[in-house]
Amino acid sequence: MIRYISLFLGLAFTAAVLWAFGNGAFVAATQGLGEKTADGVFHAHPHAPEGGFSFEGPVGRFDRQQLQRGYQVYKEVCSACHSLKFVAFRDLAQLGYNEAEIKAEAASWQVPGIDPNTGEATTRAGLPTDHFPSPFPNAVAAAAANNNAVPPDLSLMTKARHEGPAYVYSLISGYGAPDPALRAEFPEFETPTGLYFNKYFATLNLAMAPPLTATGQVSFADGTEATIPQMAADVAAFLAWTAEPTLEQRKQTGVWFLGFMIFVTLLAFLSKKQVWSALHTGRKD
Amino acid sequence: MADTKGTVTQESFADHGDEGVRRRDFINIAAVSAAGVGGLATLIPLVTQMSPSADVLAESSTEVDVSAIEPGQAIKAVFRKQPLFVKRLTAGEIAAANEVDVAELRDPQTLAERTKLGHEDVLVTMGVCTHLGCVPLGTAEGEVKGEFGGYFCPCHGSHYDTAGRIRKGPAPANLQVPEYEFASDTVIRVG
Amino acid sequence: MSFPWANQYQPQNGFMKWMDEKLPLPRLVYNAIGAGYPVPRNLNYMWNFGVLAGFCLVLQIVTGVVLAMHYASDASLAFGKIEHIMRDVNWGWLMRYAHANGASFFFLVIYLHIFRGFYYSSYKAPREMIWLLGVVIFLLMMATGFMGYVLPWGQMSFWAAQVITGLFEAIPLVGAPIKTWLLGGFAPDDATLNRFFSLHYLLPFVIVGVVILHVWALHIPGSSNPTGVEVKSESDTVPFHPYYTAKDGFGLGVFMILFTIMVFFLPNALGHPDNYIEANPLSTPAHIVPEWYFWPFYAILRAFTYDFLFVPAKLLGVIAMFGSILIWFILPWLDKSPVRSANYRPTYRMFFWILMVDMAVLFWCGGAPAQEPYVMISQIATAYYFMHFLVIVPFISRSEKTAPLPKSITDAVLGQAGATAKGARA
């Protein structure tokens, strides 16, 4: 009996799904599998700067000098529009700054505060315990000031995109005119006013104006020449750090723990072999 | 021990020659102990995760403007999530504090040791009773100041004098004076 | 129950004797996973996954309790609290990565455990109850995993809550009120997050309860084995300890190596980048997918794209998705073959491997965007999925030709000759 109920159920499910398949196949046969779109064809895969990032790989580490340069790019360029709300000034200690430098750095930022006498909202110099302030008081203000596109917080940007550090690097150094092939294949493709063409952006048209415009836009404290790819790589590395400040601790612990686990597993294997040896050889006495 | 059908029980298993036992035991003991070491190592993160996190540990400092405090008045500020008492002593209170024979105190300290040079009238202490952590009374107008005119903890009846020193009751020590400095003549920076 | 030749527990000293009289817990352990539990001697490594699943459950509970100490189930705080754990809590990043990847490993282990059951027909009498409890555990795990994924309150969390509770809208008449009731509002928000957190903390302990029943039920007939031939004599078994404790220990080591690689070197590989974007109720990500372990079932849900007869497509998809797991409940009564192991069922074995390929295809389609050709491929795969369990298995089990079974487990291990030789030597 149960077999016939299940047969009926099975055929019903199969009929329903094959009905959907038939309909879909009919649509596909008469109208094709859906049209190609410009972003589907010409969206470019992000790539890391030449030589890759120092923090890649199982034992990769951050390059402190690069992080400091990247911080400078964030501070002088990105921070005009983008917040970094999960990062505190005290975290800059990991970039190699000492306590006094961090205090001075924090004090160079204005953070929201409360007037101790009147209770009114005001700003004050930052303390190491403060987080990086947002350039806009709220999302509405951010949208209003940016043509309705809210600049996203950058703290986690490199984890919030596939191949994040490479994506950030490619995106901010990859503006330019569309490929002539794109124009040829999709003559109706255009970049609306207020948007900027960028082949690394999912829809190809990005609301952010090119942030890095000229060599020397930032004067690096360590004397490195601030070319656009250099600034892009440095700020991408900095954002990789803001997204995961515990990366080095994670990889170092991992190497140690993995080695230990391999050792224990080897012992466990020998022990297992030892225990079972009598059975496998049929030796009982 | 083994029977004819190839049965292996624990007893038969243990019935090897001496040398076999030693070698087998060694590898098993090694495997189990190594696994035990690994298990113990994982306790480290499980235990330390309960310690204060980096944001809590981060050095925080609080600035308090003391210029508006009149002699005899006190304010309650906040330092590291705990109450901080800042009191401007009157001449009478200073005199009362200095009259005491320090040697007889439970926690011997002079008023001068508990204040900053040149600012002996400004008493800065944590507002945390050293007995079991309640907040003593005596800062606001009209609050009970205890038998010695300083602070009084209502939880278990500890009396502190005008210098915030324990005089009566169960508390073991004087109200703690945190690390602080005068950033200017009117502002103290605590922490 | 146990076999009459099982080793008997003997308290080693006065204290253990006292303990045995007052609370015979050591005896219970001895008989459950100790030397007092005779187990078929021929179990292969596919039998490791039960113990590994238990380990995963403990791992998830331990790391989960730790994470709960630092988390807040408030829609305005939750995302920031996860970052607080990742950045400021001592070893918080390890706890969170272990918990997130632990969920993936738990499902991986459970899938292998279930597939083992399919291949060796472990669900058959006298082990139906073990199987039924196992399916209950799997359903509870899915509910727990889903609600846990909502807690970080990223974009994928939010839209998972929206989409999955939206499934209930498909129920005729009462669907919409049920969705509102589940969410505690008209869209996922504080109320949703709070109840999901509460249930996410509760359900693992319910799972522990059902696992205890699952293991209890297992100890009544004892473990199945790769031949599918029941234990007949003492020589067919070995004591669980030290044989299977040693084997499971080694299996656990291999598991830990893979787990370590994921947690420390590829911690976000199984997650989705969009979940590092804070939930935004006004913007859906371009391509939303559940966690990988739900992909096959998500593909089944999406395969029903057209109304069939009088049933709307949405309802069909929901029924099929839940049905695809619920049919496992009747599997012991659908497969009537007297032979258990697919090793001796060539026809069934072929269909088993087709099912594995089919589930791999469903897995792949479930993770792909909802567009052609993935939808059409998933429809064919879905059709096979239901055909396999509801039509093929019940009917081939009556008609297929099976290979001869070994006389006993001992015969299968040592070979006829070996067993005879042993007998002769004795």
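Residue numbering begins at 1 within each chain, and the chains themselves are lettered A, B and C in the order written.
Throughout what follows, a residue touches a chain if its C-beta (ideal position, glycine included) is under 8 Å from a C-beta of that chain, and two chains touch if they have at least 3 such contacts.
These figures come from a predicted structure and were not determined experimentally.
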| item | value |
| --- | --- |
| Chain contact graph, described as a line, ring, star, complete graph or other shape | complete |
| Of A-C and A-B, whichever chain pair has more C-beta contact pairs | A-C |
| Euclidean distance of C-alpha centroids - chain B vs chain C, Å | 47 |
| Whole-Å separation of chain centres (CA-atom averages), chain A against chain C | 32 |
| Approximate Å spacing (C-alpha centroids) for the pair chain A, chain B | 41 |
| Where chain A touches two or more other chains, by residue | 257, 261, 264, 268, 271, 274-275, 279, 282 |
| For chain B, residues that touch 2 or more chains besides their own | 6, 8, 13, 28, 31, 35, 54-55 |
| For chain C, residues contacting two or more additional chains | 41, 87, 94, 238, 242, 246, 249, 414, 422 |
| For the chain A and chain C complex, residues of the former touching the latter | 2-3, 6-7, 9-11, 13-21, 23-25, 28, 33-34, 58, 86, 91, 152-153, 155-156, 159-162, 164, 202, 243-246, 249-251, 253-255, 257-258, 261-262, 264-265, 268-269, 271-272, 274-276, 279, 282 |
| Touching residues on chain C, where the partner in the complex is chain A | 41, 80, 83, 86-87, 93-94, 97, 238, 242-243, 246-247, 249-250, 252-254, 256-257, 260-261, 263-265, 267-268, 273-274, 276-278, 286, 303-306, 308, 311, 313, 316, 320, 323, 327, 330, 333-334, 336, 371-373, 375-376, 379-380, 382-383, 386-387, 389-391, 394-395, 414, 418, 422 |
| For the chain A and chain B complex, residues of the former touching the latter | 88, 90, 116, 127-129, 257, 260-261, 263-264, 267-268, 270-271, 274-275, 278-279, 282, 284-285 |
| In the complex with chain A, residue positions of chain B that touch it | 1-2, 6, 8, 12-13, 15, 23-24, 27-28, 30-32, 34-35, 38, 41, 54-55, 58-61, 65 |
| Residue numbers on chain C that touch chain B, as the complex places them | 5, 7, 35, 41, 62, 66, 69-70, 84, 87-92, 94-95, 233-235, 238-239, 241-242, 246, 249, 410, 414, 419, 422-423, 425-426 |
